[in-house]
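Next come two complexes, and both contain chain A; in the first it sits with chain B, in the second with chain C.
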Partner chain A sequence: MSYWYDAHLILIQSTFVSLLLALSIQFPLRMGVFSFAGIGSYGIGAYAAAIMTIRYSWPAFAAIGAGMVVAMVAGYLLALLVSRLDGLYLGMATIAFTLILTVVAINGGSLTGGAQGLYGAISTLQTGQVILVCAVVVVLLALSERGRMGRRIDAVREDPELAVSVGIRVIRMRRMAFVVSGALGACAGGMNALLRTTVSPDDVGFSLVVLALTMIIVGGSRSWAGALIGSVIFTWLPQVLQAVGDWQTVVYGVIVALTAVYVPSGLLGVAQNGYRRMRRRSGPVAGATEKATGSEEPGGDSAPLEPLSEDVPTGGTR
Partner chain B sequence: MNTPEDAAPPAVLEAQDVAVHYGGVKAVDGFGLKLEAGRICGILGPNGSGKSTFLAAVTRLVPLTRGRLMLDGEEYHNTPAASLAHRGVARTFQTVRLLPDLTVLENIQLGADLRAGGGGVKQWFRRTAVPEAVEEAIERTGLGAVRSARPGELSYGMARRVEIARALATRPRVLLLDEPTAGMNQAERREVSQLMQKLRDEGLTQLLVEHDVPMMVDTCDRLVAMKSGELVTEGAPAEVVRDPAVQEAYLGKRGRNHA
Partner chain C sequence: MAQDVINAATLGSLYLLFALGMSLAWGTIGILNFAHGSIFMFSAFVCHLIVREAALPMPVAVLIGLVVGAVISVLVQVLAFEPIQRRAADHRRAELQILVGGIGMAGVLLAIAQRVTKSVPFGFSESTFRVHVYDLGFVRLSNVQIVIVVAACLLAGLAGWWLRSSRSGLALRAIGVDPEVATMMGVDRRKLAVAIMAASGGLAGVAGVLLTYYLGSIAAESGDAFLLKAFAAIVLGGVGSVGGAAVGAAILAVVETIVLVQTSGTWVDAVSFGLIFLMLLVRPRGIFGRKEVRRT
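On to the complex of A and B.
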């Protein structure tokens, strides 16, 4: 391969690992589930892969798979535990899950290597294999954004009550989100541990929560493409920002704050809006000129018995 | 239409002595009704009389404080709301609840997805809903021209039609409509009324919650009047509207007779 590829191999690997990590937070978020359990799963996956490789010399994919299974089970149990929580409270509870796992890693004795972590997890995992796994994941997630599954996920996020009224089993969908998130997070963690041959409690802590959230907010929270944009930017940005030295974190903060305020749909949202606007200019939709908002009460409600005249009634006329 | 009680068709859906209390607030307190197969039943009542809460209770969106709910004679008050939809009970909401990022077509497909079958992993790869159900719902509600529009681009009346179309696309046996014509003009109201009557003739059991008394009298086979969460009276539409207790509760001091 080219010189550039060899020189940047670590960054290229990190980009794909970050993509999976970002997707592990994004997938539940698409269903309105504000869960950081994917980060905890990253830790589970990293330690499981390292332990299975060092102690039992399992092949790379078996070691990663073992971590994924553990994380999926943990995700399901966590989903049962926090089933009554929502929004910020759910976010807090799942961050707690992640922090607890960090504490377990530090105090895990010889199994987790304590504060130093584990070294020498040498495997045959290739960068090409990592990219292949990412491609499969992206295809599956792209499918989940279209057609029936896409509509159902949208409904669960936008209006759970409506979703159940059209027969969507919202609770089951949310549990599935935890399980998928666990699988993605653990896969990212496992691959990272084997690529780096090492894992320590510092690698799986709170900083990953911030990183994953940053990637999704800046890239876009609704589609895998947003996660990809975010993971590329925030893996390569430190490289670009080496010039500003200690000010890196400040630049980071400013970028995140600006995106959150001015482009809440992320860079992907900006691109999509531009594309939609271009298409709309070429042909407006027939018979759809007035605007109505879903939340407004109809105009006829205040005087229910008066017959409505022909042109009064639309509640949300612009 | 004034069928005597004894000749009434069997009840598809029945609610008995339903109560929904929120803390000290008795939103619904001992209300009940029977939806007879292939008939349209209407609930009449002033704002805040508990009609929508009752509908939410019947569709299992809010828990019952007490009462019995039966579908085909079988109790269902522990059935999850989603399962109820699979058993053929569809509803619309008082406010327009469409997914803003989806087109009209996709919003209606969301209803038809129910009949596409195959949960779990299989649904991941399924692209289209039941196309016939979607097309039929679009045609019936006259939404062909706006199928690729987004909800934000629709007039209120049009958006309400999408709500009805989405419910129809689930191919229900029982359809519960919560103020389906609110915000519509007279012509649109007439269309909805005609659609409901056509669906009834095809055997669909319906419940209508509405404010438009003349429309209810025209559309419904039976009216149930509600006030403060309780039953006032029930019977043939013309009689219910003339009932002094209904006039008092619903029509207020004006006492106008819309029948």
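On to the complex of A and C.
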């Protein structure tokens, strides 16, 4: 076990960093906000942490925290700017924001190290600490998927007008999505920069946007668990695919395309569906399950495929 | 100065050829095709493989690019986008899945090209076509540049005529406004979707082959950069409008050329993203865009 752990340390670290990165896109998506600003925040966090560590030798968590504060402020300002946009247009605007940051980093002179980036951000950040941070984040996000908060977020996604009419402050919730996304992205970027001790403009670009989006869609976009599944798969897949040798990248693309086409609710959705089918077969509570799911989700039409995760067990035990 | 105008016109024509198909597919059948950049690159790549075996003249090479682009684009539509649209529960989820489906397809095409070329840039050095540069005293103009500008004007005009004046073009625009009602009026959505994707891929293929002739060689990775530029052109001009795509491509090319001439060149990439951002803030539907008819 310990040998395996040491041999795969980098992949284990990457898994947790990718998890935070995927969550920074997934959290706004849960509110129907299609924003890639989390990737830009990843860049902000990575550069801020590296600069603070190299120039002022701040301790690891202070450096990461500084990046998170900057990214949260940037996220809030961005939310004010793009408040009129929706759907794919919002997605494009936030991709543009991310890529502008990349160009700024290339032209940042000695502060950002230009096209080469920054080297030697050596800190005391431990893998255990990274895992701990991830655990805390996941617990907080899991809490936000339940109870009042969870229902509010679902209402904002499924029907913003209805949500406003029942007294949910939709605009404030959307701004919050940008701020939380900024914090998560910057945390991922800061930790990655300190673990690898380097950061360069190439780390933050279109390919990272693509990777994060793929992780969420393939894993499942409705819950943190989907982001976890996605980040595990896409961090370890290249390692596994070494078995097929040269055709590695081709197989990778085929897997992404097939999942997007044939598994619309992500692997998490498949797991949940299988679980429900098992419960239904074992007891005569199928009607109760359907009813509970239908009444919880205002958008009704997509209910059979993607139930809210926590409703199913409750409905089943009734 | 005159030289810069010529270069901007060539660049703008290439952007137009590339962005036009993407814009039309997005504006009519609602598909934002992330595989468009890879289709563009792969057409040039297949053309390179064929030209390596047989020395072909330029028109034949362009034709090969057109056919290959159209075939791949239709394949992507039939294999990925059609099943997604058929199965998706609602419009927003379908949009996301189409993005990722396109990314997956793009990944496959890119991986094949990278594997065969070993990531070395490829070109058409065996083609019978030779680049001629005409020195007109105040500017230098190559025959490739003339072909590119003429091709862009011709094909964009053709696409505009198709959408505006033909029956199938009218049907396509109807799908863009309201797919359900269009189907009720007897429009065959499936057939027209395949047709627009074929046209879109064909334009990308022509753009890919012409770019390769213009630059001498391209790398397998050059599709992604073009994809982002095309977004900028589309968002600037307005989704689904031929005139909009032309104006967007022209603005983008002119501003990029100005920045390239005036500064050290490292800021050029910021231009397209900055323009997207500004345009979305000021006028999200673009210069020529109609008011978006949002389906709920």
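By definition in this document, the second predicted complex is superposed on the first by the 275 of 318 C-alpha atoms of A that agree within 3 Å, B and C clash if a C-alpha of one lies under 4 Å from a C-alpha of the other, contacts with A are read in each partner's own complex, and residues count from 1 in each chain.
By our rule, a residue touches a chain if its C-beta (ideal position, glycine included) is under 8 Å from a C-beta of that chain, and two chains touch if they have at least 3 such contacts.
These figures come from a predicted structure and were not determined experimentally.
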Examine A:Gly128 and indicate which partner it touches, taking first as chain B and second as chain C; both and neither are also allowed.
neither
By the touch definition at the top of the document, which applies to A:Ile168: first (chain B), second (chain C), both, or neither?
first
In the overlay, answer first, second, both or neither for which of chain B and chain C A:Ala155 touches.
first
A:Leu143 in the overlay: touching chain B, chain C, both, or neither? Say first, second, both or neither.
first
Figure out whether A:Ile106 sits in contact with chain B (first) or chain C (second), or with both, or with neither.
second
Is A:Ala93 touching the first partner chain B, the second partner chain C, both, or neither of them?
second
Name the residues of chain A shared by its contacts with chain B and its contacts with chain C.
299, 301, 305
Chain C residues touching chain A - in the complex, by the definition given at the top:
32, 79-80, 83-84, 87-90, 92-93, 95-97, 99-101, 103-112, 114-115, 224, 228, 231, 235, 266-267, 269-270, 273-274, 276-277, 280-281, 284
Chain A to chain C touching residues, read off their complex:
32, 34, 81-82, 84-85, 87-89, 92-93, 95-97, 99-100, 102-104, 106-107, 206-207, 210, 213-214, 217-218, 221, 246-250, 252-262, 264, 299, 301-302, 305-306
Okay, in this complex, where on chain B does chain A touch?
46-47, 59, 61, 80-83, 85-86, 90-91, 93, 95-102, 106, 109-111, 113-114, 116, 119, 123-129, 145-146, 148-149, 151-159, 166, 170, 179, 182-187, 189, 211-214, 251, 254, 256, 258
Please output the residues of chain A touching chain B within their complex, sorted ascending.
140, 143-144, 146-149, 151-152, 154-155, 158-159, 161-171, 285-301, 304-305, 307-317
